[in-house]
Amino acid sequence: MSVTYLEAIREAQARALAEDHRVFIYGQDVGKFGGAFKATKNLAEEFPGRVIDAPISEDAIIGLAVGAAIEGLRPIIEMQFADFSTVAFNQIVNQAATLYWRTGVPCPITVRLPFGGTSGSGPFHSQCLEAIYAHYPGLIVMTPATVEDAYSMLLAAVALDDPVIFCEHKLLYYHLKADALPSEALPVGKAALTREGRDLTIVAYSAMVHEALAVAEQLSGEGVEVEVVDLRTIKPIDTDTVVASVARTGRLLVVGESWPWGGVTAEVVARVSEEAFNLLDAPPMRLNAKDTPIPFHPSLWKAHRPTTESIGAAARKLLRL
Amino acid sequence: MPLVPIIMPQLGESIAEAVVVQFRVNPGAAVRADQDVLEVETNKAVMNVSSPCSGVLVRWEVQTGVSYPVGAVLGYLEATDEEAARIGAGSHFEPTSPPPPHSEPSTPSTPVKTVQPTVRGLPVPAHLAGASYMSPRMKARMNELGLHAADLAGIPGSGSGGRVTVEDFERFIAQLEKNKLTQASPMRVAVADAMRRSWTRPLATVGLTAVLDPLLAHRKTCEPRPGPALYALRALAIALAENSAPAGRLIGNKIVHPPAIDIGFAVEAEEGVLVPVLRAAEKRPLRALVKPYNELVELARQRRLPAEATGGSIATVTNFGTFGLIWATPIPLPEQTLVLGLGAGRRVPAWDEATQQFRPVTEANLTLSFDHRVLDGGAAGRLLSRVASLMATPEAL
Amino acid sequence: MVPDGSPWTADSANRAGVERYARAYRYMLQARLLDEKLASLYRAGKIHGGVFLGRGQEALSVSIGLSLRRTDVFAPLIRDLAGRLAFGETPLDAARTALGSALGPMRGRDGNVHRGVPRRGLLPMISHLGAMIAVVNGVLFARRMKGVLDSVGVASIGDGATSTGSFHEALNQAAVERLPLVLVIANNQYAYSTPNERQFACAALVDKAPGYGVRGWSVDGTDLAACLHVLGEAVARARGGEGPQLVEARLLRLCGHGEHDDASYVDPRLKASPLGRDCLEVARQWLWDKEPGMRERLEQWRAEAQQAVEDAVAQAQREAGPDPYKEEWCALASREVAEPFTH
């Protein structure tokens, strides 16, 4: 038996619906159609009245979710693409993220964002928006990189009393497979040491973790052992695990698929510079996508984001410093 | 027609400003693109600023003799829309006021305080590609082990630009363990630190041969016998009393003159060198100094020098001749500018012009090692000659 | 097709009607006096931030509050003090929030008209106009899911908010879901300084109702009797399962957008027209004319309302504001995943 990243997400939702009567799913095309990516396939049938189609109104979708949360329900909202969540931006950051702080009433909503680029998707079906949500206080932002984490972290997200932005990478949906669903997981907020190393630490999240692992394999053939840290959540960031890794290797490369200004990579570098300055044997480096909207054409798209080649080149440069 | 600004260009790595020297074009004149329109001077050279495009010079915004930062607007050209568009200048660009001239153009040592960015932005300091730096991790580790950069002089670096990485360093330390290691005494470590700090200055040495016969003859007439170094010390004291500048110290752009002619002399003690001091040596004749000198030598050898007998000397005398050495280049103490050295005496034939014969004399090299920032060879030579001539008339010391 | 609220008359035999009217008037009076007090505190520099009054809107607002049950849900906007008081908010909560007392419902973390108690169905607004409507939808949606089927939700907005995307999305959503939402538009002719003709092009905002597939109501916002009638009807229809109700009340804003605004742009002809009547005065006059004995009660109510205002303000002024050093600077309920930023 093997389970894909997407199937894990579906399984997690099914389990949440089954185990907690307060959970419901709301979003465009999630009902009978099963969702644009089939993440809710069959769930409307299995759980009648709890998987509901919404009109194309991202603002109202999130607003409704907040109202439901005030009433004690635990909505899972599927945004069709992360890129469209910007229409709901106001409700996410000003309504959902502030409710608890302003009123003491928690807002346990989970907003699932199919994010990240796939070839040919173009500027408005490829965005990684984790950084802008992480910037606002009051939100938790998750970026699972493995099938197991997609499952257990979605369950954790639904169980948390705060709004969770759950970033699911579209590239991983059908291609990433695991043997079985996990029975246990690292706690929310802890990063995973995906690969132990000695000479260089690569910190990454979501699909970039797999690129980093590929680079690590290559460099291993050249006698260099790369340590790969998978952040898992980017708000909060597990600074301790990152610092412990830098303590071992002395060199840090942070890789993100998002754009270069600010963002997760800048945040990690800032924290390591501040808290682990004397552990660094070379300047901390980061690698991001290019500072333009995400291109449509495959050759442009491939050049726009970090790849095994560009990550490898950055790693080698860092090793030579 | 749009106004196009003429901007102070980036004139070289780490140049932040330049002084306007001469206008080469007057307002109203037509200019071609890239024509030299203004002469400016940096601290390295005189250079020309050229026109960004063709047009007519409308006005200059700057004055000659005043310094302006890179990026400042120097003047305006009136150009056609096409010309302005060609070079990417905005049309009808008009600032509200001219840029302030850079403060204090005269003093070269005043560092650049502020740079007003206008159109092109701030100057970018020279970029160090390839790292010849010590990483924070290296520094932390060295701190931990109590090491200095001097200790690492022998380590080849595998990092870029030959940088010593922390791996190189750890390997080096591990290698050390394989050799015979003995504990360095605190004295040794202290001297090492002093010499390292002294060496951060540019040091030079001058020398001459002094004829010792008068001194040796004089010595026989004294009881107890003064050491040869004492003659040199007294001569140095008199010479410095005549002109104390060579023993001054350079701090920034000031020469700090010595407060008193206190001269130290080197005494070899176990594991290192001690430097007792004779205070106000210009005021007391040689004979009066013999007893205190000998007492201090004895105390030094026994490592029982009182605190007030060391420190505060403005120059040092060392008799390296006692080791049989004829030449040496001692290193001045880090807080001093001068060290006077006396080599071993040798019996050599010297040509006597008067008698047209060689006759035997006892010669020794007299050396002066000095901080070359405070004095040059000429001043050092003059001081040394004066010391030698004083030593040639020992009865006057 | 648009039911119009005709002036409601109660004959002296219909005591319940007059008492209800009087009760409404008392809330309106309380709101007006508290508003005036806040305005004078603002002018004296005692209030930090903006002050927004409901002058001229009290009749409409109180009708919302009285038509709802305490178990319903209400998302008031910036001129709804009368409605809030009728719905159960205390003058003390209002005074505490305005004066920054740490004991107010928002604990100093939000202020002025951004106040509410969500668990009691009184939703604290955010500044983005139109955004609260979908939240009311969510509460109603959730209650229905939980089997609570007799709730009604009111979202109060102004003419300006009808231009927002949020308004459109939320009204459409409520209609598609057939939620018991009553969306009350106080069309006071101006959104800050923008007159209606720069805000929308349709003849009347209530004309949008059929566009969304909902029932529309139009009412003279200066007439308390009419407002009580129309709001009562609209709420009843919603509660009866007839889907969302859109109410447009026509009135004039009788104050600045905020107390910082002198509203000199308001067309004087509007002020002089029937639209410019002060609904509080109209109601007072109606009661005054209604029967003997009402006069003494009016005086007494004024005195009591004034006293309640003074008491609430005095108490709030005695209370301390929040202490930044005692604040728990954490925006998450899940403390274990909060970032330990040290600055």
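Going by the order they are written in, the chains are A, B and C; count residues from 1 in each one.
In this text, a residue touches a chain if its C-beta (ideal position, glycine included) is under 8 Å from a C-beta of that chain, and two chains touch if they have at least 3 such contacts.
Note that the structure is predicted; figures quoted are calculated from it, not measured.
Chemist: If you tally contacting C-beta pairs, which pair wins, A-C or A-B?
Modeler: Counting C-beta pairs in contact for A-C and A-B gives the edge to A-C.
Chemist: Would you identify the chain whose C-alpha centroid lies closest to the centroid of all protein C-alpha atoms displayed?
Modeler: Central chain is A.
Chemist: Approximately how many whole Å separate the CA-defined centres of subunit B and subunit C?
Modeler: Taking the mean C-alpha position of each chain, the two centres sit 79 Å apart.
Chemist: Can you check how far apart subunit A and subunit C are, centre to centre, with Cα atoms defining each centre and the answer in Å?
Modeler: 41
Chemist: Which integer distance in Å separates the CA centroid of subunit A from that of subunit B?
Modeler: Centres of subunit A and subunit B (C-alpha means) sit 57 Å apart.
Chemist: List the residues on subunit B that touch subunit A in their complex, please.
Modeler: Listed in rising order, the residues are 131, 135-140, 159-160, 163, 165-167.
Chemist: Inside the complex, what are the residues of subunit A that reach subunit B?
Modeler: Going through subunit A, the ones touching subunit B are 250, 277-282, 320-321.
Chemist: What part of subunit C is in contact with subunit A in the complex they form?
Modeler: Touch list, subunit C to subunit A: 105-107, 109-110, 114, 116-119, 123-124, 126-128, 131-143, 145-146, 165-166, 169-170, 172-173, 176, 331-334, 336-339.
Chemist: How about subunit A: which of its residues touch subunit C in the complex?
Modeler: By the definition above, subunit A touches subunit C via 24, 49-50, 54-55, 57-73, 75, 87, 90-91, 94-95, 97-106, 137-138, 140, 160-162, 187-189, 233, 235-237.
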